[in-house]
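Think of it as A, B, C and D in the order they're written, each chain with its own count starting at 1.
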Amino acid sequence: MKIETIRSEGLAHLSYLVSSEGESMVLDPRRDCDIYVEHARRESVNILQIFETHRNEDYVVGSLELQNRIPSARIGHSAATSFKYGDDKLEDEDTFKIGKMLVTCVHTPGHTNDSMCYVVSDASIGNDPLVVFTGDTLFVNEVGRTDLVDIKKHEEMSRKLFHSLQEKILPLGDGVIIHPGHGAGSVCGGAIGSRDFSTIGYECKNNIWLDQSEDDFVQAKLKQHLTLAPYFKRCEKLNTDGPPLLSDIDPLKVIDVSILEDLMQDEENIVVDTRLAGQFVDGHIPRSISLDFKHMGLFAGWVLFPSNSFILLLTSPTDIDEAAGMLYRVGLDTVIGHLNGGFESWKAAGKSIDSLPIFKLEDIKSQLSYGTLEVIDVRQPHEAENDYIENSIYSPLTTIGEDMTKFPPEKPLVAICPAGFRSTTGASIMKRGGLANAGVSDNGLMEWKKRGYPIKTGSNQ
Amino acid sequence: MKIETIRSEGLAHLSYLVSSEGESMVLDPRRDCDIYVEHARRESVNILQIFETHRNEDYVVGSLELQNRIPSARIGHSAATSFKYGDDKLEDEDTFKIGKMLVTCVHTPGHTNDSMCYVVSDASIGNDPLVVFTGDTLFVNEVGRTDLVDIKKHEEMSRKLFHSLQEKILPLGDGVIIHPGHGAGSVCGGAIGSRDFSTIGYECKNNIWLDQSEDDFVQAKLKQHLTLAPYFKRCEKLNTDGPPLLSDIDPLKVIDVSILEDLMQDEENIVVDTRLAGQFVDGHIPRSISLDFKHMGLFAGWVLFPSNSFILLLTSPTDIDEAAGMLYRVGLDTVIGHLNGGFESWKAAGKSIDSLPIFKLEDIKSQLSYGTLEVIDVRQPHEAENDYIENSIYSPLTTIGEDMTKFPPEKPLVAICPAGFRSTTGASIMKRGGLANAGVSDNGLMEWKKRGYPIKTGSNQ
Amino acid sequence: MKIETIRSEGLAHLSYLVSSEGESMVLDPRRDCDIYVEHARRESVNILQIFETHRNEDYVVGSLELQNRIPSARIGHSAATSFKYGDDKLEDEDTFKIGKMLVTCVHTPGHTNDSMCYVVSDASIGNDPLVVFTGDTLFVNEVGRTDLVDIKKHEEMSRKLFHSLQEKILPLGDGVIIHPGHGAGSVCGGAIGSRDFSTIGYECKNNIWLDQSEDDFVQAKLKQHLTLAPYFKRCEKLNTDGPPLLSDIDPLKVIDVSILEDLMQDEENIVVDTRLAGQFVDGHIPRSISLDFKHMGLFAGWVLFPSNSFILLLTSPTDIDEAAGMLYRVGLDTVIGHLNGGFESWKAAGKSIDSLPIFKLEDIKSQLSYGTLEVIDVRQPHEAENDYIENSIYSPLTTIGEDMTKFPPEKPLVAICPAGFRSTTGASIMKRGGLANAGVSDNGLMEWKKRGYPIKTGSNQ
Amino acid sequence: MKIETIRSEGLAHLSYLVSSEGESMVLDPRRDCDIYVEHARRESVNILQIFETHRNEDYVVGSLELQNRIPSARIGHSAATSFKYGDDKLEDEDTFKIGKMLVTCVHTPGHTNDSMCYVVSDASIGNDPLVVFTGDTLFVNEVGRTDLVDIKKHEEMSRKLFHSLQEKILPLGDGVIIHPGHGAGSVCGGAIGSRDFSTIGYECKNNIWLDQSEDDFVQAKLKQHLTLAPYFKRCEKLNTDGPPLLSDIDPLKVIDVSILEDLMQDEENIVVDTRLAGQFVDGHIPRSISLDFKHMGLFAGWVLFPSNSFILLLTSPTDIDEAAGMLYRVGLDTVIGHLNGGFESWKAAGKSIDSLPIFKLEDIKSQLSYGTLEVIDVRQPHEAENDYIENSIYSPLTTIGEDMTKFPPEKPLVAICPAGFRSTTGASIMKRGGLANAGVSDNGLMEWKKRGYPIKTGSNQ
């Protein structure tokens, strides 16, 4: 029995390939599924099952994609949702034999009604549970969100989650290893620990959610305000109906400067600049959106829409497949390709270059008091719950595209965030949206606070 | 100026990527065109032009495929044929500037009416021609075939070729380097030398075709009998109309034994066994066709048809892309995938295994004299022109599928070829076609002659 | 916190690279240590510590090797042994801070007196132990051997191990994950489970060694008879003194047939044939030793000696580094290189080829009863404890080189083992040792029993 | 017959691997010889011969290195020099048979007395010469230098070269392909063309050196002033005696910041910063030398010395082998390793950072006229022959280390070169040498001239 964890950065999505004696299962595969196919080929392993832990919201699941490559693999997910694809509609206590593993399905409603955990026993030894794949039900140091199915059912779902955890998961026993659906950095939990594994025994001692009464648990859940990206609904629908196959989309093109200029004539085409935020600020192709490579996996779903098409600007051409994969994972299939030679070739061709003004924190502080400048606070909701710069306008990346119609176009608009990545993305969106005065701060909120600049307590929402 | 030669084994097809100062051209790209795209990405080179030397017959050209990946690349080919795709309809003496290279088109009818050679000068130095890409007009030690356009015009085309060579190519001067469209092993020439380059000076001294009078040249051409594969016509049509894009076909699947059994229920699906011929003889999946990896690039076009679909049996799973590529290159797009785990997994599953009987040369000799066995001579036409085993039935791989309806089904049918690769392919075709008595010899014709066994002089056709 | 398991096949040796926040530690590195160096480079991770779980016997540890590449890494091992190298002499309860991990040393004598386990807490969460690296103290489904330090102290060490397990490891709590020093297939335990991880909770329920009284535990240990390879002593000494650096040995050479023939003139040079056993039986270079690639990691230490030098015969030239690594890991540093072109080039050069006679089980059975043939039983001790072929000579691979001087040279000598790998190795050793009548059986002991051929109960030792 | 060109960037050194029918030869191998070994392994090709075209000056030849890996390969070089290693002392017209190639040695004194060209015929076709490997005798658009053996024999060697070219090379015939020992960018010729191949016919028409009378040729050669790097003498000696083996030197280490600080205590250890010149100017580790990755292959030999040891600062850790190789190629064997995490880790550790002042061209112009600033002209001799900035101090990189003791330490010292790479290297050398006022210009000489700033005609030497 061997467990391979596949981590998709940005989304902090964890999928698993679990093998025993030449047979294997994949849990929650991602859409760019070559990694599982290559494994199956290389090891001559037969993938018998693809299990989904629930109808995911923050990424498009790759089950159909993987089945299209490995037709013997059956797709299983909970019978509680009417999925329009898949082979096995799973009920609580359904079991599967894969190599020397016995896999038992455990229905754990809460995060969704169709949440399913998969408990694995090592049948070569006995029946005791050894590992549980918990999806978005239980994370390291956190538990699943309960606000996504329907905000009106927030309490009901929280209560369900409490029961699922207490009655289905914890009783598996302290010695059971936990492999969750997300790691640190995911928006699917508030404070997921920076580890991709744990044990039930360890979580019982350390995860504060597991040591509360039902009512305390529910009350605490109701107070959690987490990022709600519009693309979640899109993913939910795709994941219920079955997403389109990537093999049906066009291959990635290598674009030269002249073709890029042609493409840029069409408003629907967007240049996505994946270089470091600082490089973008210094100089960029006009109207491009800044999404640095390291963070684009997370932010792409928040700020880009499938009605557009995308041309990528890369630091290294070998990043193309990973960069495109990050868009595919959130249902942005219309990736045209990348600019050959990157920003250097644009510059070498003598094309016009834009930049963003940089505002110093000290100037922001003074100008803000005169009202001659606006600060746009682009943090996530849970970051903006406790304190904020007075008079700053709250507009997270998930809504800035709509919000900005209300920003005063005549004033300097300075995006601000804790460290500087999201503010650059935010400023690039404002600029593309017609706000010529958009800019960034030379430093983030962490520095603002460190300097003792005025901060207001309370929520900025 | 840098010339990269891309050799597609089997077909011995040579394509070229020629660069100068960040710009480049590709000549006669193959269909599985990642190799050019990767190069352009890695080197940030701008592919400006794709040049075709003529409407090829023995493979499907990858021009549209490459343009689909690199949209700035223009496709150029002779105006003498009404291609249904492409951007530049070229005339004699048309010129192109690519980096510091000056490319001059030279119309050289003969092999086809649209044959075009491309002469390159190093413009950083001067105008003298330095390199000529000769396509199928001039090879190392050989010249192009003149029988393919229309066997009725064999003489006319031969005469054209003579003039093209003598008046267009040789006058370029001794010091010009030659890069042809095919190397040794191709069916596009009789005795192409085992080098991929030459010079005009060298060929003038050593290539016997260049030192003949027009009439001698034409007479010698008319006597050449080369392999005429039915798939040539298919490729010609695809290459005139523009072949379909590989990105539109299904991705390659990883098939397990049970799925393979399902697929084998359908007569249209064929297992192509790419292992060594000897391994196939010892044991193979029933009704599979033997095409060993090293030779399948050449023979696949001769014996497989696009009305079928193919499942590959590989020695190593990492060969899948190359193996599928070899089929795509000859227009066999319906490759389903490969059997995961190869022949070992079939055997391990306890499925039925077939083998081919092996006949010893000494037994063949004696039985042949009693008429109790038939020898099927599967050599290419030019190999079978001078001698053969008396009473052997001539049936090259290009026609054995049709011929075999006339073979006596009740007798042992022993395929024979010079070394043993084609005979195994031939026997596997006969067996699949219902001739249960098909088998192979333990040794080839080369050994037969070495032993002094009876050989009849003359053509076996 | 991220744990990467590096499995060295054959030896089933598990080493670990454990990282947190840009810092990391390596546990029991192997000698061919590029894999850790590459990781550190690629991830810009700072390897602070190399921890050894004990003075290993079955492989040469790579601590000095790794430190030579990464000079900032400190080597730590138990103060209980007078290691002649290393930086930290560890005592029970010593702690280290690596990234956000707290590592606590736990002294667990038993397998050796210097056995040390390393307990890791996630300091970003709290102090609870989460993972324990157990070396050869506790395996999945097994516990460490207690016979290696000194067979006279077998009982004493067993008793120590009992106390270490019960008082140091199990009290860590059910929810602690176990990462041991060896996996299934290692000779360091009798029946190690086919998993590389477990938890204390799981082992408490399922590992029979943990549920016994001290006396029962000790008695059971005393009855265990495991492979005792002479090379263990060599490794122990190297691992106490500090092994030589691989960077000081000659680079691997590419040998052609003529150079190989020269080398073969010297008795000290041995050709190691890593092809499949069946291929070796059919034909091999005279006097070569059969060690098929898949098993050589385990068997090389048993049958080869550092006083010899080795030329490898490979199926694929890309295996050279892995194959040489398998020899280096057991202290066989004198690897000259490999024969270019493999066995095919030897054959093509027309050199003499040897083969091994194959005896059918039915013939062995009858001839054995007439005394006209000898069966050499090459199984490991614990395999030969319960039954054997009557009149067979017991001689495991670890001693066959010495034993064979007593075999009757005039009779056919048929090596036998359960499946066929070791018997081929054994026969090749006998043949090289001058026993011209050495051969193999066509099938193993598993088949012998299945057929109901006569088996004698009891130990064959 | 297949020719593979291996280009070592920077030095623009061309080596060749030429194969036919499973046998091959290597011409002028480089020291980091894995590339040839891998080829031999992968293709199962037998390297029979290593040929040196002469005792090279600008790099250390890898013949012994390669022979150490492939012991069957014989080393051949001219009998005209008393090499202390090698197997074949070659004379004019010696021949070798390698596969189907006939190789004829042609003695062509001029660049050195032991210069040897190797003419190859395709023996499968006939005896006509087809390719000539010309070493440093004949380049594309250039001929070899004649000043290196002994500047006092400049005329004598020039005369020899004339005769070698006219009597030995050109008579081979127009249709012979030329593969020289260096490409564009090498200091072994003045204006080598940006191609790695040519033909005799083409060069006869276009290479001005081939169309002159003996006296004109000699006079023109005497006027050529090319870079004379002190390390040439070192390489000559190594290449005569046989250089040490790289396998005897320490493996490359991964250094962390604390170890680097320790190493920097020792004056002999130098940090070589391979980042872009602009990044170095902005911020660098104190006392480090700037040698950007793209140019270090060429400049390393000019400014570094084997009495020092080197720690590399890389942009990407995967560049380590190539970067170290570039030092090994010029006999700088004492490469310690690279700083893990690069400049970022130095910065993150809060260590002190140095930068270089940047002087604007307009300020340089005005200050120069007041004498308040010195311009250090670091161009190569042939670049500084025709014009220069008045009052600038000429000091090429090859001598700046010694010259700088004479520069006025109290004034700003602005290094200048055509584009900006060498000036940064020059300034870093001055700074390390104690000239605290060293800096760079914001633009190079090309821009200076474009702006019409004052330039003096004549030589700056």
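Just so it is clear, a contact is a pair of C-beta atoms (placed from the backbone, for glycine too) under 8 Å apart; a residue touches a chain by one contact, two chains touch by 3 or more.
Here the structure is a predicted model, which is why all the values come from computation and not from measurement.
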Query - Distance in touch steps, counted as few as possible, from chain A out to chain D - result: 2
Query raised in the report: Can you give the whole-Å distance between the Cα centres of chain A and chain B?
Result: 48
Query raised in the report: Between chain A and chain C, what is the separation of their C-alpha centroids in Å?
Result: 43
Query - Junction residues of chain D, two or more chains touched - result: none
**Report entry** Those chain pairs that satisfy the touch definition
**Finding:** A-B, A-C, B-D, C-D
Report summary line: The chain D residues in contact with chain C across the complex are 37, 40-42, 44-47, 68-72, 247, 250-256, 258-259, 317-318, 320, 340-342, 344-345
Requested in this report: Using the touch definition up top, name the residues of chain A that touch chain C in the complex.
Outcome: 1-3, 20, 100, 122, 124-126, 128, 130, 141, 173-177, 193-206
